[in-house]
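After this come two complexes, each holding chain A, first together with chain B and then together with chain C.
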Partner chain A sequence: MSHMLEISGVYAGYGGGDILQGLDLALEERTITCIVGPNGAGKSTVMRLVSGVLHPRLGEVRFLGERIDRKAPKQILQAGIVQVPQNRSLFPGMSVAENVRLGGYILRDSALLERRYAEVSELFPIVRERAKDKAGSLSGGQQKLVEFARSLMLDPKLLLLDEPSMGLEPRILSQIFGVMVEMCRQGRTILLVEQNARLGLESSDRGVVMESGRVLLDGAARSVLGDERIGELYLGGRAH
Partner chain B sequence: MKRPSTWLIAAVALLAALVYPFVFSSTEATTIGFFALLYVGLAASWNINGYTGYISLGHSAFFGIGAYTIALFATRLGLQGGYGLFAVALLGGLVAGVAALPLGFIALRVRTMHSFVIITIAYVMMLQLLAYNLESITNGPNGLGVPQPAWSGAFFNIPFYFAALVLAVGTVLLSAWIRGSRFGLGLMAIRDDEDKAAGVGVDTWKYKLTAYVISAIPIGIGGAVYAYFASYIYPQTVFDPTIDLGIVLSVFLGGTGTILGPIVGALIIQPAQQLLTLYTGNLGTAGWDLLLLGALFLVVILLMPSGIVPSLVERARRTSVREAVTKADETTPGAQTAVGGNGTS
Partner chain C sequence: MSLVLGSVVLGILSGGIYALMAVGLTLSFGVLEVVNIAQGMFVIAAAYLSYALQRYWHIDPLLGLVITIPVMFLLGLVVEWSFIRRLKQDRVMLSILVSWAVALILEGVVGLIFADDFRSIHSWYVTATVPVFGLYVPDIYLIGFALAVVLMGLVYLLVYRSRFGAALRAMVQNREAAALLGIDVQRISTLTFAIATGLTAAGGMLFGAIQAFNADSNLDLISRLLIIVILGGMGSMGGALVASVGLLVAVNIIAVTWTPNWSTFFFFGITILVLVFRPQGFFGAPAARKV
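For the complex of A and B:
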């Protein structure tokens, strides 16, 4: 059985040496995989690699069996991989509805675009409720939900979520991660990079610990959470 | 432009514009009307490029190209004045559009707003210099005449008034159509954040250039209609930075990036400027009208930085949302929605 996404033996960096040093990672369909690790471990570089912004020096990336490591970001979008970046990525001066429609900008079929818009606003009521409001007037959590909604406009098979908790109030994080689990239940595969390792792992199926551009530990999210060494290193002590 | 009230207002405004020259038939009144409608067209056209957020202070380059096109074409071919010359005005738009392609190609190479603004100003200066110096073609500082029609008296202005009306309505419709299209959505995304726009798949470079070229065309037609109306053009009267200021002031006063904004702005600025020139005599020619308009502009920037139309729309919308929310609270207390309702604020 082939994996949805398969990264094998990847070395990649930004010219000043390799950030990823022989990365191997494979994602199962309809699961959430959470990558944790210290700063500089290469977590965000993995996102850039998969979304086509960064090309590997060595190794390959396969999506549904097909090589994608030489493709342009737009082709990767078309193939069905959509990223939700870590910083605020909405157009603040445009309405929520316009923002969501822009998520499907590469669709040339306007009927399809409208159908997807209807589906997405069904799933995310905030899109309907705040359709005409400027995206910049929404709270951080609401903006993150609209970003999620927008990412679904291309009906992606694989979603890349880069630090969704960043800059958000703690009390709304459980809702954000709840929505992520719901999106996975509806058939999407999710690759999550999360600084808040405990919260990320608690909502995921699988946990991957990265260090210095390699995978240090890879297993069920629960067992990674329970691993004593990992707990001390990245989770700020064991769970109470 | 979906609510019936919008269409109703548009219909009433159009009707008013149609009867205006018959109600106010003096030459002064129809002249004011002509300039007001001309600038509605110019401002709405400028705003198509303005959707991208790139502010051009050099669209009078296209105004001048249109003006020189009709003058050269009519004099070289020995055309007579009459209704047929309005068709030649369309040619002015075409030539302006063709010229906009290389000019836009160069100006849009830059990514910072300041450089873009300065390059566009340079275009007007360069073209003015060319018009002064290519004497064999442009007749240099002596200018060029456009054949006059045989219309006389108070009627003289009427065909020009309706030509400006057609230009204004056509350009506003074009601008509205673009604003509602997929292309327009891409332009607005560029205006908000060009990198993010590229990130969602907007072909930013192609879109910016297309918008720039489209926006040059009605301005070129406007320049040609003006040249015909004025009957004589000089380099400094058509490649004129104060035309750019008039356009940009109108758009900013009304509201950038909106369909209605340029209309409202031009309908305020132009009549005000014409009336000031008319009634203050020497003061007008001494530039007092510009001073007053500048003061008005400052007031608007300070009180309504996004322009009249967006400020009013935002105010109206906030009130209606507040009412809707109050109503919803009364009818469905504590209503909770599916995924991520409103509970995150």
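For the complex of A and C:
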């Protein structure tokens, strides 16, 4: 079985010591993998590692067989990995259309850019309906959808979603996660980090539990959800 | 009465010229969070450049812009690379000190070359005048105003209608998210500072043509430019234009109807009032940056 993304033996951190301490993780194509774990486990650090913002001290990261752990963020985008960061990442003073087009900033071919824009606004009607409105005037859930739309401008193979539920009203979460599942059905691989562990795992194929920069448990999302130890630790009560 | 009208026209024209000198200051602050105290000295250095080209190579000051704009652009690249990008934190405060040092260095260099005699840029359009409501306005004011409008229009197009400008505005609003989209934040910052410095070539040529200057002139000039930018709301280009025109019209009216001696006092008096009662200026929200 060939893996789309393969992280092996990675030690990485920000100068104050390693946050990731021998991380091993492999993603299969066209699946959703959800990383859960307590604060400080290194979940967001995994995202920074894969998107090239952080380089490992030891170990390697391979994407489609090729090493990417020394590449710059722009090269990683070109390889087909796009991150949707946690918190709100739209540019509030710019229009929705401008925001989405900036998702294709590194595309030099303007015809391709316009074609992608048309595809994306087909997929996300909100982009068409609110094209001229300032992104800051949209609700939190709408902004998250526009962020998803923007991330598809490069037609990525791998999407990194960092805490998509953060700051959103509970009633729209199922819509957001439904869109994520739909993006996976259309052939994209998704790596999800989610504080709201139960919600994240319920929409995922695979679950990975991290603790202290290492993988504690890795298996089908359902079995991770059902695992008693995990249930006690991270899923009990309100996980959010 | 017609004298007042004439001074209004003169105020509008020179307001446009001052806005051109201030626009780089606004750009640097809005995009790089840099308060560039050296802006005044850049203008003076550019004035000397135009002066030298004309004096020693007989190149017309307007035509000389083809040379002076790229030279000032390069100077901007060098200053950004050697000083500004080293400031990793607390940029607003540190940039004041660092750019002041840059101004002192440049002032020293210019002083060495030209001593401290007052110079001025001459050309037929500096001495020729057109009558406006009883005042004789030198042609250079009209040319300068037109040049300011064209150059600021180009800056506007660059910021609001180009791919570079979209990346620049994105970076101002959310640096980290912009970087994740593949926008080279450092490159945009460097180019913005260089463009801001390049624009001083035009501002300097005009400044040197409308008044005599020496290296010391940069102190008075930077105070005025800072006032314009603060009144306009730091980082707002349109605000700087309105503030500049408004201030210069007021100063000119006072100079004509009362005495020129009080007009400078008025310039700085207004500033103190604004800083006390409305420190965010008239076009900027408190602590917000706009480009």
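Quick note on the criterion: the second predicted complex is superposed on the first by the 236 of 240 C-alpha atoms of A that agree within 3 Å, B and C clash if a C-alpha of one lies under 4 Å from a C-alpha of the other, contacts with A are read in each partner's own complex, and residues count from 1 in each chain.
Here is the rule we go by: contacts are C-beta pairs under 8 Å (C-beta built on N, C-alpha and C of every residue); 3 or more make two chains touch, one makes a residue touch a chain.
Not measured: the values here are computed from a predicted model.
Superposed on chain A, are chain B and chain C clashing or fitting side by side?
In the arrangement built by aligning on chain A, the partners chain C and chain B clash.
Let me test your reading of the model: by the given contact rule, A:77 touches which partner, first (chain B), second (chain C), both or neither?
In the superposition, A:77 contacts both chain B and chain C.
Tell me the contact category for A:126 with respect to chain B and chain C: first, second, both or neither.
Only chain B is touched by A:126; chain C is not.
What is the contact status of A:106 with respect to chain B (first) and chain C (second): first, second, both, or neither?
After superposing on A, A:106 lies in contact with both chain B and chain C.
So which one touches more of the residues on chain A, chain B or chain C?
Counted on chain A, the partner with more touching residues turns out to be B.
Once the structures are lined up on chain A, find the stretch of chain B hitting chain C; candidates are 9-17, 153-161 or 225-233.
225-233
Which chain A residues lie in the overlap of the chain B contact set and the chain C contact set?
Looking at chain A, the two contact sets intersect at 73-74, 77, 89, 91-94, 98, 101-103, 105-106.
Help me check something: in the complex, which residues belonging to chain B touch chain A?
Checking each residue of chain B against chain A gives 182, 185-186, 188-189, 191-193, 196-197, 199-202, 317, 321, 337-345.
Over in the complex, which chain A residues touch chain C? Could you list them?
By the definition above, chain A touches chain C via 51, 53, 73-74, 77-78, 83, 85, 89-94, 98, 101-103, 105-106, 150.
If you look only at chain A, which of its residues touch chain B in the complex?
Result: residues 73-74, 77, 89, 91-94, 98, 101-103, 105-106, 110, 123-126, 129, 132-133, 138-139, 141-142, 145, 148, 172, 175-176, 178-179, 182 of chain A touch chain B.
Quick check on the complex: what are the chain C residues that touch chain A?
163, 166-167, 169-170, 173-174, 176-184
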